[in-house]
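Paired with chain B in one complex and with chain C in the other, chain A is shared by the two complexes that follow.
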Partner chain A sequence: MTRASSGVEKTIWDRLFTVLVAAIYIFLMFPIVLVVLLSFNSGEFLAFPLEGFSLRWFEALFSNKRFLDATLYSIRIAAVSTVVNAVIGTLAAIYVARHATVARDYIRLIMTAPLLVPEILTAIALLFYFYEIRIGTDYSIGIQIGHIVVTFPYVFLNVSSALFNFDRSQEEAARSLGAGGWMTFRRVTLPAIKPGIITGCLFAFVISFDIFNISLLLKSLGSNTLPLELFDYLRFNFDPTAAAIASLSIFMTFAAILIIDRTVGLRSLRF
Partner chain B sequence: MSAVEAAPRIESRSNRGSATWMVVPALVLLIGFFALPYLTIITMSLREASTRAVYGEGFTLAHYTSALRDFYIWGILGRTLLIGATVTVISLLLGYPVAYHLAKSRSRWTSLLYIFVLSPLLVGLVVRTFAWMIILSNNGVANQALQAVGLIDFPLQLMNNSLGVTIALTHVFLPFIILPLLGNLQAISPDLAMASRSLGASRMRTFWKVTLPLSMPGIQAGTILVFVLSISAYVTPAMLGGTGGRTMSVLVVQYLVDNFRWPAGAALAIIMAAVAVIFVGLYLRLTARAMRRLP
Partner chain C sequence: MTALTIDRINKRYGNLHILKDISIPIGQGEFVSLLGPSGCGKTTTLRCIAGFERPDTGRILFGERDVTRALPEQRDIGMVFQSYALFPHMTVAENLSFGLEVRKVAPADRQRRIADVLAMVRLEGYDKRYPRELSGGQQQRVALARALVIEPSVLLLDEPLANLDATLRDEMRFFIRDLQQRVGITSIYVTHDQAEAMVMSDKIVVMSAGTISQFGSPREIYERPASQSVAGFIGRSNTIGGKIAEALGQDSYKVETPCGSIGATGPAGLSRGADVKIMIRPENINTRSQAAAAGQGAGEGGHSDNVLSGSVVNSVYQGSANQLAVKLGSGDRVIVDVNGRNPLEVGEQVALRFAARDTWLLAS
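Up next, the complex of A and B:
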């Protein structure tokens, strides 16, 4: 390449770079925008040209009992995963940040391990394991535990990062003023790490709502999560109802992103 | 739980009494329902096949030997690795400029652009792959557009093959390379580039000799992440791959769910994981050499 020393050349390279980067941003967003556009399109097909605004595909979605059941089931699984991880993930993060000594690195590794291995392998592992320990996959307990395991690191990492940024001397000040352990936690530590907990929980909820492989292999008879239902639907149908389901999931994700952005800022996310 | 008990209980001044209970629920979860299950993949792969039960009485290595003698499986393994390598290289080429731009950007639109990078990551895989089906199918958006401008007369085959899987996986995993790179580039002091410029180096030369070498750790982390994610991806090849784009994960799930051959499927999963570990290990050795000169 030429040396970008003169002013004219510099602008050309700068412009080329800007065009390239803009194209990649469009590549990133285009598929998502496309799905949302087509879900509000009144035409029968998932193609252009757009024929006009319509909510008919959302009506079709909400009058379909399978999709409604799947949505509620997904919300239930994600809510339980979030609540369980909010408690045990926060406790574990506090332990690692404040109390762990020698085994700290190993504990941290175990806590983040579900993120480091492919989800499909974890799903296979749990499928075999639940069979061996006679829990099986007849009930929702298997899929629920799978979701808790896979979303655990999100809460742990976000709370850990909040603890890391939080000045410990505040806790010591509370202690020296006579506050007990529980009082210090409730009045000093908890308010300080609350943004980290909220971010981790939102993240865990969204991920649990979206994950597929765990649900595919561990689902119990007769109940599908929303991604599974969409996957099954797309095997035999290819119409804008699928786009409406997809849009619904996209809106939920953006709501979560907006909340995180407004409360703690996106850049504090850890994963 | 031995890890906890092995840890000496040095009590900090701010907390008298043991705090070990705080980590116990998480350890029970991750040892009981994560570490131990992984062991059952290994034991399952050594079980004898059975037509009446999930597995037979004895143990055997037959699933490994017959898989490794099967050309069909070698073919699928080769395709999986090829897709993974292609996706990794394209992701790096597309992801680096974006990370570089975000790291340098001072505009008030930066946080919007950051959302552009982050949001595909949080939108479900099925949804994103479905979007690519709309784009890549025979009468999809891409073929419509190409026909409208007169570049082609007949639709191109863009999905149900490796091409479609590669395109969609690149989109799906691009954020995973941008984010580590972004963190890395932001940590590089701008003074270094400035020093290089003031000593007379062009911007190009400064990039090649200063910025790029210093961002090697981010490149390494991001490429490994994308490679591992794309060779183990299930949803995208299952929805977009058809038979022409079938990968190892799709084959493993077919063994487990459709054919109900758990021991053979477990052996395939372990072969896939072992190949991934070998490739990542080789890659780490290669890149370690390039990074040795870094501070």
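Up next, the complex of A and C:
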């Protein structure tokens, strides 16, 4: 009752809190808005004031072969990470939720370790390891494995949470109706955890597309991911092409959020 | 003919002995309830029959077929769950169709059987709905239909009414019982609600702490409970302690109690001097105020009636009856139902009259 009434009558603290939250949002969103604005600026430099609306920097971006290659390379790496994690992340979540008994919490912790350990440490560890097994950074497989490792927890956690919220008696109902293990999984369990898999996969894709440290250390010769290419570019240039790349990344993230909302609903996002 | 035989099954989880030598024979078309408080092993027994748990020892037979080691999908069962367990991403028709598709029933046949069973549970026209668009009672009827449409040899029900509100629960009891009798399917029903078990079952298995306390018809269990715990679990009961003074016949005894000598019915073979409790149901006690009883005189009634006297210590109005608490001379308290139009005041002296055949002796 007290909570309900404090919701109706707004105290000075409620108002202050609202202002504080608004300030935090502005602080976080402002640079993003700036970058997007700058990417449509017709001026020569990555600076204010804006001089007019233009798509020339996007044009420059798409006519720059290095950026184009980097974008495709990033998409390829992200796509492979997503597909691989869709399978192993889901299987791992099912194992932990269903079959791990005594060591369940420890296994869960290990599965989420890539989120907890600083990315740069994961990168260094993988780098040493790859040199130890003599693949070094000669091939794309190194950076690919790095991306899979770092994005794995997103699929794992989302599918775990979907499994946790799933009423297992549905599986038992399917078994009682005569369905075997595989049929039960395909027709009952999989549809129930699909939202978790989709959400996890979109996260994995976006994170893999944006990730920097892992790529910096593990990239193979002669191929750059988009964030690395952007970093190289900004060292010598300071024109709005960089802003155009940033805008592109932001659009992709928004697209991912939009897809999640349209397919499974944002409310199903739980960690 | 036994449709289902549970033969001395045992189940342990670590140190917990969940089921101890449970044996239940179930006849073709019978409705058998497993009744008991939570943790008594009734659900584990049901899950062993379904195949979701495997007993450590013992056998489970469907007719002549030993299914102890069979997987749930090989057993030919229909099961209704407490949570309904409908598939949320499928319509009602798709839910019902699932078991038929698994059994490779031809599409035309499938449709006919789905329509038939939907009519049976009075859900015609709901086939395109999703479970979330249905009320709890409707969902439960879909769950029932889904279990019945595959025409299983045994129907298993795991507290199917526990999530429904009281009015609907009463309605569904009769609905399920009626449906079961029309289909004639052997059914096993798990519940902790004794009233539910009483009105629905042919036989009741009263369980406690992994053992069977009593197995019998609702009437046997209510009128001839095997132990104090069964008597206490099924309905309300009064007990008065005493010693067997004399055996008057095969099942009738004279019992010496602090309130005097009482004629009672009990199981055969109770020996003289044995400690017993006399159980009397509240509705079987006739109450008169002491003054009225004196005015009418004794001798009326005809049976070998017992009369005890006491004073009213509490009276609760319950609509159809008043529930009185009466304190006997011995200090025992007895609960009595009296007609609501027969007011008895707290503190009033009353005579309690009951027939020997309405009592039952329990070993204490």
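One rule holds for everything that comes next: the second predicted complex is superposed on the first by the 245 of 271 C-alpha atoms of A that agree within 3 Å, B and C clash if a C-alpha of one lies under 4 Å from a C-alpha of the other, contacts with A are read in each partner's own complex, and residues count from 1 in each chain.
Keep this in mind: contacts are C-beta pairs under 8 Å (C-beta built on N, C-alpha and C of every residue); 3 or more make two chains touch, one makes a residue touch a chain.
Everything numeric here is computed off the predicted structure, so don't read it as measured data.
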{"item": "Partner chain in contact with A:148 - chain B first, chain C second, else both or neither", "value": "first"}
{"item": "Which superposed partner A:183 touches (first chain B, second chain C, both, neither)", "value": "second"}
{"item": "Chain B versus chain C as contact partner of A:169, first or second or both or neither", "value": "second"}
{"item": "Larger contact residue set on chain A - chain B or chain C", "value": "B"}
{"item": "Touching partner for A:68 - first (chain B), second (chain C), both, neither", "value": "neither"}
{"item": "Touching partner for A:192 - first (chain B), second (chain C), both, neither", "value": "second"}
{"item": "First, second, both or neither for A:216, with chain B first and chain C second", "value": "first"}
{"item": "First (chain B), second (chain C), both or neither touched by A:206", "value": "first"}
{"item": "Where chain A meets both chain C and chain B, residue numbers", "value": "172, 175"}
{"item": "Touch list for chain A against partner chain B, complex", "value": "1, 3-5, 10, 13, 17, 20-21, 24-25, 27-29, 31-32, 34-35, 38, 46-48, 87-89, 91-92, 94-96, 98-103, 106-107, 110-111, 113-114, 117-122, 124-129, 131-132, 145-146, 148-149, 152, 156, 171-172, 175, 181, 184, 206-207, 209-213, 216-217, 227, 230-231, 234, 238, 242-243, 246, 249-250, 253-254, 256-257, 261, 266-267, 269"}
{"item": "List of chain A residues in touch with chain C within their complex", "value": "167, 169-170, 172-180, 183, 187-188, 191-192"}
{"item": "Residues of chain C that touch chain A when the two form their complex", "value": "50-52, 71-73, 75-79, 81-83, 85-89, 98-99, 102-103, 143, 146-147, 150, 156"}
{"item": "Complex contacts: residues of chain B adjacent to chain A", "value": "3-4, 6-8, 10, 12, 14-15, 17, 19-20, 22-23, 25-27, 29-31, 33-38, 40-41, 44, 54, 94, 97-98, 101, 111, 113-120, 122-128, 130-135, 137, 139-141, 144, 171, 174-175, 202-205, 228-229, 232-235, 239, 249, 252-253, 256-257, 262, 265-266, 269, 273"}
